[in-house]
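One chain, subunit A, links the two complexes that follow: it is found with subunit B in the first and with subunit C in the second.
For the complex of A and B:
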């Protein structure tokens, strides 16, 4: 049978703010455990969260970058569960109304010039805080808790199940990875966990409309692992089904050592997170003016820059795509092209003045950047922003090659010397020091000059004159220099960001009331409720006795077996029906009595499995 | 000294008729004599208190004193007070020493007030009788066989018994106003958002609000002046221009005999029905008659949805509490079980041991109403009805300046009377809860006694941010009555 793979990705992008999403503690990576956790992050009694404007702004930027709807009012909600690295016992996230809804991401699937474009729909993106870390090693049978990461701002970006192969999933993840860095939303550092994905994978017979049962593979923090994990999981599911089995919905973890996914927890263990709007945080209000401010400060998009590179520099789509992999790369390229073209245009007799020198220079710059430079960067594992060869240096080298002074082979040697910092990384000086002039015959130079622009000496002299500028360029950061990228002055920047907390200054004073549902109003108005003592109609003695059994909210399920648990819930529901009673409920005394006798059975410690099926008890609610 | 108000003490301090150290020592002496019978304090630290007083004296001597400098105060034990044990009335925090100062107490400290101790309270502010405190019940100074009300019972009992001239409290469903009535003093809660909640251990975040206890409305206004104020650490803290809550009191009325001429008092028929003790109603009626003499008019109004207040409250408050109290897990601070098998067992035992029965009951109710499948039926509906209740009030305040009624349906009850019946207990807050649900300012003012000689409270609710006028309306009444000056008869010292 032919199988179709269906994948949706959930990506957690750590936002590049200097301070946390709800506290003033620093987000810098790698500090000693618990040195970057404030009272708020530790969830001391009495502390409260205040949203970080910078985090919201990055979410808006993301929404604009993917053409999504920015919700003018979104709601922070609490996701409740117990774990030692979750200090409050709940995570502040967004649930029903996220800050960003919809949007699309265009991905490129396939290699080189054969790459095909595909538009992937996004479901939503919402703001949330990260949890701390549990360190299970090095503590001799104990677990260490590091809360430095607790409260780090995350944007969870959820795609629709539009991806049809591991390749597409990787292409999507890579594109998203480029986009969040492009817009200064996330530093993209996957080793530090700044960008990590969960993949929802299912398979279905080709042509079938319904989705198959999915498994979620958690915490994929490298593209290679993502690819292998998805491929393994697809194989596993297909084999399982073909062998007559069924896929069980569950959460799985990928083990790179064994190259397999293993179950983490099944749906039956799924927790009830009891989401509800966080009463400590008013709705997040974003007005048009704020969105416009963010929009106007946004850089040219990756797609726009790619299109411009194709038209302005006559580059192929493939080249343009490589050069726009990041804003730093695009900026580096344009700087090299501009400087080299300017240098060449000032050299007398440098070719046909009618023909744009830019195209030739651009193609050469593109080849160098995507070739030699990129290889060197990869080998040294540094980003282009930290490239030891500044754009001005590469431009000077380009002028030497285009001017015919150097062959490509020699130019590579000069480039290596520049990379190593020889002769102040000045290509002309390296050429001179190493005696690398390609052509010594004067006649040949004359001939050459006619063929291609530039003359070594003149070019060399002019470039010498530009060295001051070159130094200056090298000292300039290769990218926008978003706060939080550097190490020094963090405290100062945290303080600056603190001035940008969303306090009541930024909103209209509103009471924490939910909007009134019209239907509820209509429903409510039909009711007669004139008896303030109606509460007393509900007997509570058994409720109390039952409560004695419940030593802890989370433990409820464990003190009682499954059936009894259901029974207890139902009983509870009926005991608590005073709320509903205010509206319509009529309780049948006979049924109440039956409930009581069942409760008596629980109290007497009777076998809980004998407690009757919960379906019967629902009858009480039939009085509504 | 003991019967002096905060305003009088401040004047005496400013005039150097008494020093802050003398005041602190005088009150400490009285606390030592009376507190064993009442149990109003959880923590005392006389040396620290006297040191505070000494600093206040120095400040006054240097000419830097303000209207509260040197005056003693006690803080409900859910305000974090740096260096002081802060227990929230719970075993969970029995040994927790606050590492920072709450915004409200920090402001009172900055005003020069002297912290005298931490006041007993219902555990996590969950209760209406102070019977749920891990540190024992507080006794009512009018009759030590009776409850002082709750949850701020220690604060109310201490001020009523003259162990303190003033105290802070918090009010989630009536936790300031009901004990103020039971103990025969004045207590108020401002509009939600005026006092920062930073450093107040949360019970129900959308309802909790700090407020003062004192003998008079004037004192409450003075204290409120220093308690409110925007705090960037609380996203629900409102930023408003500073105002002087005593300003109306200071103004001379056109007709001194009728200072409340033109004031319209709304009387919701829902608050004057059956179920309220006749002598409570009689005292309230007498107060209303007094108000008419002061020039005010009374208007019958209706708040059609307030009868839903109790059920709505007992969905929303436990829901928020069930989540707010999750942080007390034994991992980082507070109680942790001595022996446990694994993580789950640690949580289980820690929370089972650390929390009392009422706290567990509310956590459970809250967990239940937020659970999958029940959220819409309970929590969402309760929030919607909450809005209806708020709208009832907004509508009413188009026609009236203040709403009045009894603070609670009955005067102080005996220990154990309602402890076995949570619903009966919950109903004691039936008149006070609506103000929390709507976020409105409200207060309780002594207005007489029932047949057993127990104080009755007149409940005032005002429109948003109308504290100054509400306090003045209470103040004018106190100018012509002396209920608020009566000393409790249950303690002799």
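For the complex of A and C:
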């Protein structure tokens, strides 16, 4: 039988206020236990809750962002249950009349150009308070209670059961995650629990109108867990029904260690929350003037910004999507494009002014931001808002490349120096200090060489690009400017010769192989290495794909797509990647083709393999 | 609507209130009186009148989003039966 999956999500977004929803205690994450729990949060006798305007305003912002109805009057209710991390014995929430009703979220299901748009209906979004935390370990049969989180404002966002697969559920959760961050409603930090989902999952025979019995899976705090939990639960329900059983409506918890869901509460204890309007809190009234004030202060939406980037800067949908992943990224991009375009317009002869200079600048800025910059941010695990290279710095660098002072390859070297804070991160000063101006005339290089020893080194480095830098790459990484020394082995010689014959260039990162890497390699690529020496990662398409090369005594080589990318990120995460500066590799498309066909043969081989006699597969190439 | 002794026991359980059978009978009698009053009120025609969630026709006063509370953990924990490492200790909860 063919089954249809039906999923609805309930998402708790922690609102980005500095104080709690009903008290003036701080919401800062990570404080010592109970130091941010006020008398209201502890439910001491006689206290009264006073709602936080900032929390209500964020709810309005959300409602406007999803095109929902903002109820002019909504009601706070008591949801009654007993648990030690809920000192009042009830949670203040909203029940019959929530602050936000309806609305839609447009999601994109699938990858890249294959993505399909789908509109998901929202049921409602309501304000409520979070509970405290229970710590069950180490207190001699007692449970420890930390009430710092008690009273933290939450917006619970409920979708209609419009999602039809785990993929759609993930796409929805990710879109919602981007939206709440875009509008400054929630910081989106899933590790700290600021954004967590419960999934209502049911299955029904394809074509059947009525929904099947659903189970609720609680506390899915990562997209990966959400996907696995939903997939497990769908399988479980289908198998249960096909074996003649019946799905029982219940709450289940996902266990990532065992990759399964299991019942959380038994049916007999099914919750009866006995909601009723909280007598302490009269209705929440929101007038039109307030809504208009909030509306006028809202930023351009993500979709609108994406559309504008495509029309104003002639960017592709793909580029525009990457640049509008967050407001900070979009802002960074526009600042770079604006500054670089302004600077270029003052340089005479810097291109044809009639040929939409902004589009050219924008494309270059987009490439840098989605490529080198995001790779560096990922490697350092920092957000673009904390980027050590400010927009003005990247704009100046762009001007140097677009103005013809720097080649792309040298620009990457300058970027790395800017990232490291060299010469006050000023690209012009770095170029001057390192003597990096692009020199195409051989006579000028000769003259330059004689002039100063410092410049000589730089000029020498540039020349290596033309004279077979492969010698250096196979040698001792980091031993700069010393080509030809410390080399041995047929492989390296072949590498040198090959590299000399190549015609275009790209930069290569080298990674000395540690024992741990060897394990990784064996695990990810099912390759066994006798004595690996070096791993090369050649960025192609800005980390979309990577050409990966492993050199051992026999020089192995393998070409990979997504696997390599995953692998590279894993290495980044493990802080194992050392990017060596100044390596230049050149690619001959014919040679690349030859290698590809050989690799095809290698891939067809056994899982465990040692391939290629010396000289048979020789060298790496980059820059497809 | 008529309230049964089972309803009383169920509500008492949900509210974690222990009632003896004799007390339950007493509570049933009192609650039934209140329900009778509600039934009387339901006979009033409220067509076209928006229901109120509170007796007083007032709306919520809101406060600005600023931190006004200081750490008073030590003071608050003087009345707690058991604490450790800044945590309140309670009998173990197993779910």
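Everything that follows uses one rule, which is that the second predicted complex is superposed on the first by the 437 of 624 C-alpha atoms of A that agree within 3 Å, B and C clash if a C-alpha of one lies under 4 Å from a C-alpha of the other, contacts with A are read in each partner's own complex, and residues count from 1 in each chain.
The working rule: a residue touches a chain if its C-beta (ideal position, glycine included) is under 8 Å from a C-beta of that chain, and two chains touch if they have at least 3 such contacts.
Predicted model, so just to flag it, every value in this text is computed and none were measured.
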| item | value |
| --- | --- |
| First (subunit B), second (subunit C), both or neither touched by A:78 | first |
| Contacts of A:19 with subunit B and subunit C, given as first, second, both or neither | second |
| Contacts of A:88 with subunit B and subunit C, given as first, second, both or neither | first |
| Subunit A residues touched - subunit C or subunit B, whichever exceeds | B |
| Touching partner for A:391 - first (subunit B), second (subunit C), both, neither | neither |
| Partner chain(s) touched by A:330 [first = subunit B, second = subunit C, both, neither] | neither |
| Touching partner for A:43 - first (subunit B), second (subunit C), both, neither | first |
| Which superposed partner A:282 touches (first subunit B, second subunit C, both, neither) | both |
| Overlap of subunit C and subunit B interfaces on subunit A (superposed complexes) | 39, 42, 44, 50-51, 80, 82, 84, 145, 272, 274, 279, 281-282 |
| Residue ranges of subunit A in contact with subunit B within the complex | 39, 42-51, 78, 80, 82, 84, 87-90, 145, 272, 274-276, 279-282, 501-505, 509, 511-517, 520-521, 524, 529-533, 535-536, 538, 540, 544, 547-548, 550-556, 558, 569, 572-573, 576, 578-582 |
| Footprint of subunit A on subunit B - complex, ascending | 78-80, 86, 88, 93, 96, 98-100, 102, 192-193, 197-202, 204-206, 230, 232-240, 270, 273, 275, 305, 307-308, 310-312, 314-315, 319-320, 322-323, 325-329, 331-333, 343-344, 347-348, 351-352, 357, 360-361, 363-365, 367-372, 374-375, 377-388, 390, 420-424, 426-427, 430, 438-439 |
| Touching residues (chain side subunit C, partner subunit A) in the complex | 14-16, 53-54, 56, 58-69, 71-73, 76-77, 82, 84-93, 95 |
| Subunit C-touching residues of subunit A, taken from the complex the two chains share | 17-19, 23-26, 32-39, 42, 44, 50-56, 73, 75, 80, 82-84, 97, 134-136, 139, 141-147, 264-265, 272, 274, 277, 279, 281-285 |
